[in-house]
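Below: one structure in structure tokens.
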Amino acid sequence: MDLKKAALNVNFGSLQLKNPVMTASGTFGYGEEFSSFVNLNRLGGIVVKGISLKPRVGNPPPRVAETASGMLNAIGLENVGVEKFISEKMEFLRNIGTNVFVNVLGDSVDDYGRLAERLNDTPGISAIEVNISCPNVKKGGVAFGTDPAMVEAVTREVKSKCSLPVFIKLSPNVTDITLTARAAEQGGADGVSLINTLLGMAIDVRSRRPILGNVVGGLSGPAIKPVALRMVWQVAKQVSIPVIGIGGITTTEDAIEFLLAGASAVQVGTANFVDPRATENIVEGLQKYLEDNNLSSIKEVIGKLIL
Amino acid sequence: MKPVQLKAEVMRNEKLSSDITRLTMMARDIADIAKPGQFVMIRPTSCYDPLLRRPFSLHQVTGDGLIEILFKVVGRGTRILSAVEVGEFLDVVGPLGKGFLDSSRENICLLGGGMGIAPLLFLAKWLVSKKTGDLNFNIVVLLGAATDSEILPLLDDFEVMGLNVKIATDDGSLGYHGFVTDLLSKNLDPDNNWIIYSCGPYPMLKKVAGISRDNNWQCQVSLETIMACGIKACLGCALPKSESMKLTDTQPYAHVCKDGPVFDAAEVKWI
Amino acid sequence: MDLKKAALNVNFGSLQLKNPVMTASGTFGYGEEFSSFVNLNRLGGIVVKGISLKPRVGNPPPRVAETASGMLNAIGLENVGVEKFISEKMEFLRNIGTNVFVNVLGDSVDDYGRLAERLNDTPGISAIEVNISCPNVKKGGVAFGTDPAMVEAVTREVKSKCSLPVFIKLSPNVTDITLTARAAEQGGADGVSLINTLLGMAIDVRSRRPILGNVVGGLSGPAIKPVALRMVWQVAKQVSIPVIGIGGITTTEDAIEFLLAGASAVQVGTANFVDPRATENIVEGLQKYLEDNNLSSIKEVIGKLIL
Amino acid sequence: MKPVQLKAEVMRNEKLSSDITRLTMMARDIADIAKPGQFVMIRPTSCYDPLLRRPFSLHQVTGDGLIEILFKVVGRGTRILSAVEVGEFLDVVGPLGKGFLDSSRENICLLGGGMGIAPLLFLAKWLVSKKTGDLNFNIVVLLGAATDSEILPLLDDFEVMGLNVKIATDDGSLGYHGFVTDLLSKNLDPDNNWIIYSCGPYPMLKKVAGISRDNNWQCQVSLETIMACGIKACLGCALPKSESMKLTDTQPYAHVCKDGPVFDAAEVKWI
């Protein structure tokens, strides 16, 4: 597709996305898993499953539960660790022709810094997305995501250790998400991604036990879209760095809602499970929306909510 | 072979009993590459509730592009699917996972319980076609269910292949009155080198795994977990591996959708 | 039905509920609206639409929007005011044979105190439920719900002005709901009700405007159940006063999940719109659940989650 | 009369055009008490998405307990309802709201646009039966739609009553080529004391209200808003009242589900 004609491209500083449609961390594996359903090259970017310094085994099963128009997950951040990620997954990712965001998670500020350092040396990575908000890990992760001072400290540390663009992924489980968003901006973040999952729970009334092995888990999917959209709108008004909107996005209309609310790009998460082609459908849908509405660029949509 | 996502036209909807449905769909790109033991994931509705796809084993696959699934209505997703009409299109992803593996052993037993019978028909056809001409092989099919109505409609499909089918029902309405696992000792000469292919409820599979281990039989089991993606993208379908497996791998969990659903029974940490 | 046989009754101190099934404020009008669908006398209690000192006209339309398995509302607390409520609505409510909880809202601590005083003098009221969490009103209401010190102050004021049992209805739009729950307990609350709606938003991509006249609104319905259940579970572990579980409850199984998680009673909200008979169905369903499981009392379910 | 909630058996599903459906249901307790202009709320699915009930005007009501609705597929709820089959049961609440009010005026005009035609058939039958024997009364029916296929299937139902029906279509495929509101000046003698009963899109109703005000005609309009409950419990269906109404009432909003859906056009604050 001719990029100029499409006019779907958005830029995050020096980082160029051919369109604003990305995949959300933890819902798209390492890209390869979806390569038979989606032309990865058509996407604005993909965000890989969260990576830690050491491999993590994750939580005991059951790890997922369906809820009304959503799902709970308590994967527990299972991942192969940064070294194996670089040696086994990057080869494929370097050749897919789109931006690769590496989502990272740690137990301490220092962990995040070391991950940033390691990834900075690795060719083929477009940006780092810092997951400070996953509700599943009981150690440092939770505190980072809700405390603005910690958010700023982690951001500063990561920025100091790498020259890649850094996006901070915010937790929705807070009283005022604009505070953590501003803390990220203060710390030098190149953008914020929101939202991560809402902390939830489900119980099996027959066994009288929690359904998830981890008792609580993260709620995602269409059910959370209204909350995510509200938070994106609030944050976009408060920060001057780009906002990536996430939460329940499944259709082109969903993506447009987030763009209108001020997101410069969107990430599709749970919808990938429901419809593996969702991302590419949205790219096509946005193209059509621009044409149908005689708009020359997606920038004429971003933040253009009429109040 | 890589899985595909397609719209499969429903060609037949058979009600085998009050709560068991068999759907036949046109899905050439899946049929062409599917192996016994593999599964498909089907979206029950285009609305958002129920949201996730439902996994079903491939029950039959034909050369002319048809695939079949056999399922019991246990919840909302299966209720919706049991009511689809001929001519409607279902959103199907597949074939997924690793299927049953061939074995050099000549004494083959297929053991299915309840809806675990579903993949065994595809497997039986595959084995029969593979072994044709090989006079030494021997297939025993053991089928168990709660009651006769869950087995009767399927019996013919196995028997037309000339297979030796033994049946057990919980209520004694057909065949042996008791667990299908009891049929193992009744029908399998323990001195022979058996390979057991099994699918069914977890407690049944655990028992089969134990008996197989005790007898030094090979045993492949098809397992179920809750699945969100079916393609090892969500890591939701974790299954604890046996200690022996863990020695060669630092990860304590297998992922049923990709590493399975068929496992060597010795790989599974039975709980 | 014989109450002893039923064994569905729960007591909140001196307050007796024939069963733990109540209606949620703002979703059941003043009771009368549902009298042709539900035998009100069969319910454990009803909570009326939030009442303020003066009548309120509410927000401009549109006021509701459907979302995936949920709905957004921005009614804006339209109500007839406490005087008209007492003169026009109490007559009917006094005769329905079940507990009447009056939900109150104000713009200041003083407002809440005056409402409590006025209602305390009114016969036929079983308890006061204090709404400190409605996200729709821009004045004092929002701050109360998220600040533990304010929650404690409001609770203390209301308790000092009336002898009725007082329940504080908590906002889910906070980082740690156990803090506001404990503040309510500290202030002398007889119980806490949770959750109120999650703050959300929806956009019409054709008009490019927010769907709600008020831009943002409260998300309710099955979509939010996992979040509500998690919060009820967290709070029930932290406080020793009764917890009333609210959020997406539609079926008997939903109600049992909340009871297992530690709620002593539940309130049914949005489900009343979807199925006007939902509450009575749940009463019948709980009865059957006890019998099917050979339980002699609903108390054998409350808080009996197995971990 | 109080509304009821019931399971209504679907007796007939007529596809009047590619996107217009007429459903006939057995709902005796509703039929027995319903008045023209009232509506029902129907749950589109027992799943949670789409969640809320959908409101539909009563299109016809018969003495033998049948009710009919006429609707256009505009979204998911109506798509699901258009596919229900005879013999299925729908969860229906009704009758709801205030219907059209009788008037002493003898010159009666029914003006419907698009799906706004739906309640006018019930209204026409009611008026005809009420006025039978009264030689002075005069009913004019003006129907408008985008194209002929939206009107043709309904024409007969009005004409069998001997009513004088005039038609306007946006594309000129039937009757007058233009707005149905243009038919008012063409067909109504302004010197007569008319009562206009009208239902249709908001802009059309606003125009009708304006013309009626200018001519000193009475005018009753049936309005739509998004509704969650239909019984004035949620207060979601607020509609701004006209200044004149506000003088007698401190509340600036009416609630369409209970105070309406039929309003005197003068009560509405047209925006």
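By letter and in written order, the chains are A, B, C and D; residue numbering begins at 1 in each of them.
Note that in this section a residue touches a chain if its C-beta (ideal position, glycine included) is under 8 Å from a C-beta of that chain, and two chains touch if they have at least 3 such contacts.
Not measured: the values here are computed from a predicted model.
A.B. asks: Enumerate, in label order, the chains that touch chain C and chain D alike.
C.D. replies: A, B
A.B. asks: Any chance you could check whether B-C or A-B wins on number of contacting C-beta pairs?
C.D. replies: More C-beta contacts join the chains of A-B.
A.B. asks: Quick one: report the Å distance separating chain B from chain C, using the average Cα coordinate of each chain.
C.D. replies: Averaging C-alpha atoms per chain gives centres 47 Å apart.
A.B. asks: Per the centroid of Cα atoms for each chain, what is the distance between chain A and chain B, given in Å?
C.D. replies: Centre-to-centre distance between chain A and chain B: 36 Å.
A.B. asks: Quick one: chain B and chain D, Cα centre-to-centre, how many Å?
C.D. replies: Those two chain centres are 54 Å apart.
A.B. asks: Would you pick out the residues of chain A that each touch at least 2 other chains?
C.D. replies: In chain A, the residues touching two or more other chains are 68-70, 221-223.
A.B. asks: What parts of chain D, by residue number, touch at least two of the other chains?
C.D. replies: Chain D, residues with two or more chain partners: 48-50.
A.B. asks: Once you draw an edge for every pair of touching chains, what topology comes out, line, ring, star, complete or other?
C.D. replies: Its topology is that of a complete graph.
A.B. asks: Spell out the residues on chain C that touch chain D in their complex, using ranges where they run on.
C.D. replies: Residues 26-29, 33-37, 49, 55, 57-66, 68-71, 73, 75, 78, 221-223, 250, 270, 272-277.
A.B. asks: For the complex, which residues does chain D have touching chain C?
C.D. replies: 2-5, 43, 48-53, 91, 93, 225-240, 250-253
A.B. asks: Residue numbers of chain A touching chain D in their complex, please.
C.D. replies: The touching residues are 68-69, 222.
A.B. asks: Which of the residues in chain D end up touching chain A in this complex?
C.D. replies: My answer: residues 48-49.
A.B. asks: What residues of chain D sit close enough to touch chain B in their complex?
C.D. replies: 45, 47-50, 76
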